[in-house]
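You will see chain A twice below: alongside chain B first, and alongside chain C after that.
After this line comes the complex of A and B, so read on.
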């Protein structure tokens, strides 16, 4: 009887996730312009992607993005959360400040950075240029466009991680912290042997979610550069979007979506294995 | 093959049945529109919706602003058999697949009933045809030319260029004085790139070569196109487009031109809507001429562009009302009222503009440019914009591909090879829009 409680969520998942997912997987094997009848072409879309240099650029960019987000915001977030734990005074104020970028709409954040920071006409960048500093708009250079976009996302993201880690750190048993203090542990020893092991499940979850989210990244890239200049900041999701809605190659877009999902599935498999291991312990 | 014929016949039968059943209906007429600011929405309400509803008591025209996602929403809606009565597409390249899928109503009967064949420039009727039947009318047509800061030209004693050599001489003189020759930027709209490709394709390679390539008679790798892209790359390399191309948006281009930081602006007639905003405050006067052509091309070429089209959905419950609404938009009165308040976006392709008087305050430069354009088109003197005549994937590649040429990530030959490969595939799939005969 209690299994009936699963029914509503199961129904929603089937209708909203499973059916579209199955349709997307099926479409990956068709040539379809989104208007006329789809034509079955087997692995044609995947062959086309294999030979498409833009696909490889996009995949590489997603991997760079993942590595960046697995290190920089997690590192900054952990450090700031630990400092909040140590210096309790004002921690509530800083939590609010750090978290603030998360509640502002992505489109607004992106436009603020594009127009008020990076722009050589209306932004801080332009002001520096007029003062004689040889600065450049990072979004306009193939070598820096991806980093320029990642900087905006990192700025908005690390505060969220900090608040999550801070909440987890507060759950670490106080006796362990006190015992370490009495034993004379330094700040780094406290981090290494008490705090980080104490919040390991939270860090693992955030890292796995980071991998999934990194392969789904779309909004900041699309708003700031639309994958340009010269495909230099293209990621898999912008490639899929361009294929579906500009090239009218919905099958190819579905093939890209399937590849994005494979990375998400691998990350999810790791997460489930970790969860199972914790339950066993 | 047989299945294809049967399915086409079935679609045609369904479409004709829908036409007969719905033809007598009166009532609501729905129209989905793209992005419009509150002021622009007010202009549409005042000049189209309210007067149409007042003069057609049996019909109620309503407009729904769907924003930048209009194309995607329209495609999904038509696939599911819903959607508005008036189908507003992003251009002729979208019409062929929709007509092919039986989602649109043939408009030939209405063209006869309302006299569109006499009132609308024939070239635009040709562009809206699929299998010799009319499915779409262009809402507005546009062209590319050369805006310039006339005050700046006068101050420096520069002459308005009429040849490529003169253009380069003036541009080099501007560079020497730290003035950006071409005010340009693609920050908010990357397809801006194709404006410049369109210009060199028509002005350097020539409209005849573009026509032959569009018909599949010569490849895009032919010598005239190599010459054109090489020239565009040369201009980029010399710094004609300035240091901030990837940072500036459309309005900032006009502002830069008005305040004299740039001298010229190769752009489209839609920019006329911003001239009055930026030039008078800068105490400057704007000028507009056709973009100079190569010696072997001759006169400046006005490349024709159609940004959006009107059709009627095959499933419309009130196709007569929808046709009447489209006809109202194509009236002389609507042309005058819309272009008085909103220049550059409502240049409906009427054959004869001589009897139309625009309201006071309309830039004389705009009225002159539009009359010159209408005359050139009616005389068959026009070129081809890439966003109107190239199929979707080819355009999409062109937009990013030209950046690769500019930024030395590829060369002209490789760029044109991939452009040609993409085009030939879409040509074979029947995705190239109707190309009017020259």
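After this line comes the complex of A and C, so read on.
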């Protein structure tokens, strides 16, 4: 009887995710334009990607993105969370504001940054240029486009981490903190030996999630630059999307999707191990 | 927990927190400020306060983004998704919280694993399959896709609520002659209703804001969501940024009002959902 309760969730999940995922893995070995019969070409799609400069740019960009997001937002989030712990009064207010960008649609945040900040015509950037500052629109320069996009994502993301770390910090056992205080620990010693070790599981989990999410990043890139200029800000997910729906190279898109998933899978293995540990408690 | 009492440290703390606050609010303030300014004045200075209030930015945005239709589409899509996720999710969460058998564990880990699967891994066959079945531009089909993607999150969150219900309550009802179904609907659901409300809020927010799936599956003007029509409006070359910011504010305002009223629920739901799986 109880088994039936699982049916709706599992059925939807299998039909929407599992079966199409299997088909994608199969499609990676075919040439298919989405309409005619797929043609089996073995590793052809992967060979083509290996020789494709854009693919390597996209992969590199994903790796840069991962490294950036493993350090900057986690660093700012931890700093802000500990400061909230020190401040105490008003911490709820600060927390709510820091979280605010997370509830606004990515499409809207992207356009606000694009039009109101980066744009040389309507944005703050344009105003600075007219005042004589040599600022450029980062989104239009191949060397800075990715950083320009990452800045928007960082800005909207770190507050979420701050809230999570703050919640975790407050659960560090009071006795440990008291004991360290009686021993005369300074703030930094408190951080180093009590607080950070206390929230290590949370930090680890967030780092694993960061790796997974960094290979999924799509919205901000697609909206802000579409991977341009000259593919300089292309990431794997926009490359796959463009291949499937613009170039109608669905097999190639599937191959890229499989490669994204391999990176995700490695991180997911760690993720599930962490979760299993929590689950057994 | 007072870590440090020195005034200088406290001052520095608040200074840094305030700088971060300003950085967070700056783009959002620009959104609100420029939604009531004429395009020409935005180009002159996006930071200046409005000289004249252009309220017609909002009426033009409403008409050009066809919010009459697209907001309704978004509301219907969000509503459908909320109902689907809450019903299927609470059933699954109840079972996963109550049974401690090996196969339930496999189900749990399977669901966890799918939350980390990239959308591109299933998007392409799904799209071409839906196209063949005539399910493109169909809100119900999209809400099923959303349900598949977000129900693991809902299940994990609701599971913690079900776990908190004492087992004796369920056993007592069974002894009194209630069926399993009655126990679930009459005893369990009312107790976990705060959890269901949280899930409904978060899922509503996610589907209201979602971009990738919506822009792929809802292409026709009369089926697209508010976010997609905003994206198309703001992507035109002859852009009136006053109008675009007004359109943005129309979409964001209901979300912000709900967030201010129910901040704790939002934060617990979103942060808890990803920390605890």
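Everything below uses one rule, namely that the second predicted complex is superposed on the first by the 258 of 281 C-alpha atoms of A that agree within 3 Å, B and C clash if a C-alpha of one lies under 4 Å from a C-alpha of the other, contacts with A are read in each partner's own complex, and residues count from 1 in each chain.
Criterion: contacts are C-beta pairs under 8 Å (C-beta built on N, C-alpha and C of every residue); 3 or more make two chains touch, one makes a residue touch a chain.
Since the model is a prediction, treat every value here as computed from it, not as a measurement.
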| item | value |
| --- | --- |
| Fit or clash - chain C, chain B, common chain A | clash |
| Touched partner set for A:245, first chain B, second chain C, both or neither | both |
| Touching partner for A:229 - first (chain B), second (chain C), both, neither | first |
| Partner chain in contact with A:142 - chain B first, chain C second, else both or neither | first |
| Which of chain B and chain C A:199 touches, first, second, both or neither | neither |
| Larger contact residue set on chain A - chain B or chain C | C |
| Partner chain(s) touched by A:121 [first = chain B, second = chain C, both, neither] | both |
| First (chain B), second (chain C), both or neither touched by A:36 | first |
| Which superposed partner A:21 touches (first chain B, second chain C, both, neither) | second |
| Clash-bearing segment of chain B relative to chain C, given 79-87, 313-321 or 367-375 | 79-87 |
| Set of chain A residues, in rising order, touched by both chain B and chain C | 34, 121, 245 |
| Interface residues, chain A side, partner chain C - complex | 1-3, 5-6, 8-10, 12-13, 15-21, 23-24, 27, 34, 76, 79-80, 83-88, 90, 94-109, 111-113, 115-117, 121-124, 126-127, 155, 159-160, 163-164, 167-168, 170, 174, 177, 187, 190, 202, 205, 209, 212, 215-216, 218-219, 222-223, 237, 240-241, 244-245, 250, 253-254, 256-258, 260-261, 264, 267-268, 271-272, 275-276, 278-279 |
| Touching residues (chain side chain C, partner chain A) in the complex | 1-4, 9-10, 13-14, 16-17, 20-21, 23-25, 27-28, 30-31, 34, 39, 42-43, 45-47, 84, 87-89, 91-92, 94-96, 98-99, 105, 107-114, 116-129, 144-145, 147-149, 151-152, 155, 180, 184, 205, 208-209, 211-212, 216, 227-228, 230-231, 234, 239, 241, 244-245, 248, 251-252, 255-256, 259, 263, 266-267, 270-271, 274-277 |
| Chain A-facing residues of chain B, complex | 7, 71-72, 75, 78-79, 97-98, 100-101, 103, 187, 190, 243-248, 252, 392-393, 395-397, 400, 403-404, 406-407, 409, 431 |
| Chain B partner contacts - residues on chain A that touch it in the complex | 33-37, 54, 114, 118-121, 137, 139-140, 142, 226-231, 242, 245-249 |
